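Below is one structure, written out as structure tokens; the observations come after it.
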Amino acid sequence: MNARKKTKINWFMIILLAPALMLLSITIVVPVVTVIGMSFMRYNLMDINNIAWNNFQNYKDVLQDAQFFATFGRTLTYVVSTVCIQFIIGLTVAMLLNTRWLRGQKIFRGLLFLPWTIPSLVVAVVWMFTFQPQYGIVNYLFQLGNYSMLGNPGTAMLSVVISAVWKQMPLMMIMLLSGLQTVPEDLKEAASIDGATGWQKFHAITIPFIMPVIKTVTLTSIVSNFQMFVLFFTMTGGGPVRVTTTLPLYTYETAFSGFNMGKGAAVGVCWLGFLVIFSTVYNKVLAAKEVQY
Amino acid sequence: MKKLLSIILLAALMGSMVLTGCGKKSEEIASTDKGTTGTKTETGTEDKAGDTKAEDENEIITITMSNWLEAEEATSEIFKELLADFMAANPNIKVESVAIPFNQYKDQVLIAGTSGNAADVIMGNSQMIVAFYGAGVLADLKGVVSQEVLDDIYPNYLAGTTFEGKIAAISWAPHPLALYYNKDLMKKAGLDPEKAPATWDEMTEMAKKIAALGKDEAGNTIYGLGLPTGKVAHSGSVANGVFYSFGGHFLGGDGKVDLSNEGTVNALKYMKQMVDEKVMPGGLEIKDLRGLFATGQIGFIIDGDMGRNAYRASSGKGEAFDASMGYAIIPTGVTGRSETVYTEHELAISSTSSHPEAAAKLIEYLTGKDAMLKYHKSNAVLSGRKSVAALPEMNEDNFMEVFNKQAETASPLPATNPLFDNAMNEVTKAMERIMVNNEDITEVLEDTETTIKNMYGE
Amino acid sequence: MKVKVSNKVLVYLGVVAITIIFIFPIYWMILTSIKPNEAILRLPPQFIPKGATLNNYKNIMGDGKFVVFYKNNVIVSTVTTLVTLVLAVFASYAFSRFRFRGSRFLQMLFLSTQMFPAMTLLIALYNMYFKLGLLNTYTALVLACSTNALPMSVWILKGFFDTIPKSLEEAAYIDGSSKANTLFRVILPLIRPGIIAVGIYSFLISWEDFLWGLTLVNKTEMRTLASGIAMTYLGEYNYDWGRVMASAVTAAVPILIIFIFLQKYIISGLTAGAVKE
């Protein structure tokens, strides 16, 4: 019986995995492998017929470029602040909405979900309009005069973070809410009967229970925010004075404006390496806090 | 289990290798294509000409034209009409428009171009065309577009699109930048709305008086002058005109980058002073400034001929807004000449086009008299061709007179390097550092000069 | 269980305050979309518009293009959602239930496909779809968007599968239920909230797609919303705020309706309450 079961599980698993694997290997693994290959080549759009091995020159260029490290730091600032803020707001809202006696949940959920239905490109335009120094509503409401939120190095990144949080919080909230709704009520009730406080229940039951969801939504958010291009490109173009030039923009500048595809690819490889290591560690750390069956 | 997994992985890897292999091969094919384009196009033209003559009646050639005009409201109708007219006159040629958003246009054409799939006719502006040329996307128009047409283009315009002796594109609609001013604000500030400033000093005085109005009744700040100083490469490009007015330049006499010269420093000092005195808003791009001018919040603005339509639309008043607008050539600066630059819509042919002769026909038509008169009537564009620009229909009112006069003294953008757009981006960043970050002008310019020189490989 | 009135008030206040903050920009969008242009670009802002007009809406609906962008986006997003859901449910179930060597590596491989800057992939991807003859097709957009949505969907769903005790399946197997049957009849109903969440996620990933709609498609009649809006209203010379806002509002409304409709299912998925067992 044992042997029969084993082969059966195998085939079942392979049938389950195969379609996704096939799609990904054709549409992304191949191009990524190609581009990783390109990162070792002299690959310049101005001289496209002359693609040749260049002895790690792209990597040397990247690692010697002070701009690369500055850019990396800015990207971290953006990603960490965006993800933290939206996680805190998202979890708070999800907990509030998960209150059983709360009326009008549907309406609140529906309304709060709205920002996510707006394409990032339009989000960028809406916030550009909102932050416009002369006739923008933010300046009017907060009495900022003609101070340009997006035009000043001190506030440009903050402005982009605000628009990113606004756009992404709903997803975070919905995912956490879905997670919260799988937390068994009777467990919490049992804890209450045993005299647990709200915080104890939250800490000992809720969090471990939804840890898999937390892990995935935050990691999802981290990885996708590393890719954030449209908001920056449209709202600030990386300026003023490069304070919002994050990795996607730097890659874009290098690859398209600078025509240096090889160096652009090398930046991508460094970025990939960092994220792979980071997410492995992140997973290990958070997995330890999961509830085990 | 392990075995099966490794089989899947292996299959995936093999698949990827096969596909990458394919990619390489076709790239090679594409590149050999490009290597021989020069000769191929010419012989190709003759062959094809013979072919098409024989098959005129039954063979319909389809060519594509990449552009951003088809979708934008200001140009959508007229552009479609021009293509329809062309197809009516050439029943054997079908033109398909490939519309791409303006902000992403350069990258998208480069992506398609490097894959050997660029449209037959490629529209672009001066900054884009030099980049397309650098990436080998464009064919030499000499011998493709008729010599008659090439000779008809103003020599300075033709020079602006000729690189290394090759004609990369031809001028379709040049846009010299001239001066617009708000007559209502002039009146309010006690100035004569019919008397445009003749020198930069005069303009500065007037701008200061307008800025001194402070705020309008609704609380909107009023500025005297609007020059773009931030965000996009376009701001850097436009600054070239201001540099010239102050005796500065981006390229030195030897054609090499030379930013930290006295004139450029003075130009930036001037702009910085205007921003500090709140005569001019700092760090904005032209699209922001247009909105402000159109709603009566800026006295003087430097803009191309297309500005008028943009102001009409943004003001919400349409042509009625013309009553508030005055036009003049750029005031003279230290050179004693009305210094400005022009940007341009240009037309080119892709080096991989299989129908260069049909593409050339389209270009000849679009820049020709019939099309330009129509285009002019709807959008008040100028023409880069002598025979067309001189027509009375192209010089019908004061607005056109001003812009045609401005065209005489407008210099081309110093777009001599494929990375020009990138360089202008650096200039914009330099302006931001000066205007917004209050950094030292000379230092910033020296920095920027080094960066651009490295970029250009000088 | 009794809840203190003061707590109730606090919760309501909190929810209402956050909702107002998040909804204000939407209100502002709607307002802007019905203002005439000269009111948009001037102070003081009108919180209740004078001379409200539906011109922007008439205009975007009337020019024929917007409707086409919209239709394309609906098609691409719907198909992408279906494709992603099927593939993600299968793969995530496999990852959640079967411990095999290389499982972690494969999961990381899935996720890492989203860790490479799309910008540098553009040329390679364009080239590939060009070679496959798929440029200007829905297929290309669906493939590209599914690729974007799939890795995260797998991860999210795996999180949900992981919350389901294995004992449930074991019980089903003992009752003689087949593997596939167990997955579809026993497990899937339990993770309905997860499936709906992932469905919404993948729908919106493709709904908001800009890059692929920009790169893999270049015919106006094949463009999707984001690239269509960029092409039409964020032009060379100025931004047409009013119309951008009108198109954004129009784009958001149906999604809101779909979402409100699906909320029922999230709740019914819960009232089934099987998780408790």
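In this document, chain identifiers A, B and C correspond to the written order of the chains, with residue numbering beginning at 1 in each.
Methods note: contacts are C-beta pairs under 8 Å (C-beta built on N, C-alpha and C of every residue); 3 or more make two chains touch, one makes a residue touch a chain.
Quick caveat, the model's predicted, so the values are computed rather than measured.
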Using mean Cα positions as chain centres, tell me which chain lies farthest from chain C. B
Ranking chain pairs by how many C-beta pairs touch, which one is first? A-C
So, what's the distance in Å between the C-alpha centres of chain B and chain A? 35
At what distance in angstrom does the C-alpha mean of chain C lie from that of chain A? 14
Two or more other chains are touched by the chain B residues 1, 19, 23, 27, 103, 107, 114, 220, 291-292, 295
Would you please write down the residue numbers of chain A that are in contact with two or more other chains? 13, 17, 21, 26, 29-30, 34, 134-135, 234, 252, 256
The positions of chain C in contact with two or more other chains are 41-44, 100, 123-124, 128, 230, 234, 239
Residue numbers of chain A touching chain C in their complex, please. 8-9, 12-13, 15-17, 19-21, 23-24, 26-32, 34-35, 38, 89, 92-93, 96-97, 99, 101-102, 106, 108-122, 125-130, 134-135, 137, 140, 166, 169-171, 174-175, 178-179, 181-182, 184-186, 189, 192, 209, 212-213, 215-217, 219-220, 223-224, 226-227, 229-230, 234, 247-248, 251-252, 255-256, 261, 264-265, 267-268, 271-272, 275-276, 279-280, 290, 293
Complex contact set, residues of chain C against chain B: 36-39, 41-44, 65, 100-102, 122-124, 126-128, 130-131, 135, 214-215, 218-220, 223, 227-228, 230-240
Seen from chain C, its contact residues with chain A in the complex are 1, 3, 8, 11-12, 14-15, 18-19, 22-23, 25-26, 28-29, 32, 40-45, 83, 86-88, 90-91, 93-94, 97-98, 100, 106, 108-121, 123-125, 128, 143-144, 146-147, 150-152, 154-156, 158-160, 162-163, 165-167, 179-180, 193-194, 196-197, 200-201, 204, 207-211, 225-226, 229-230, 234, 239, 241, 244-245, 247-248, 251-252, 255-256, 259-260, 263, 266, 270, 275-276
Under the touch definition given earlier, write down the residues of chain A that touch chain B in their complex. 6, 10, 13-14, 17-18, 21-22, 25-26, 29-30, 33-34, 37, 45-46, 48-49, 51, 132-135, 145-146, 148, 151-153, 233-234, 236-237, 239-242, 252-253, 256-259
What does chain B use to touch chain C in their complex? 1-2, 5, 9, 19, 22-23, 26-27, 66, 68, 70-74, 96-104, 107-108, 111-112, 114-115, 117, 218-220, 287, 290-292, 294-295, 306-307, 309-310, 313-317
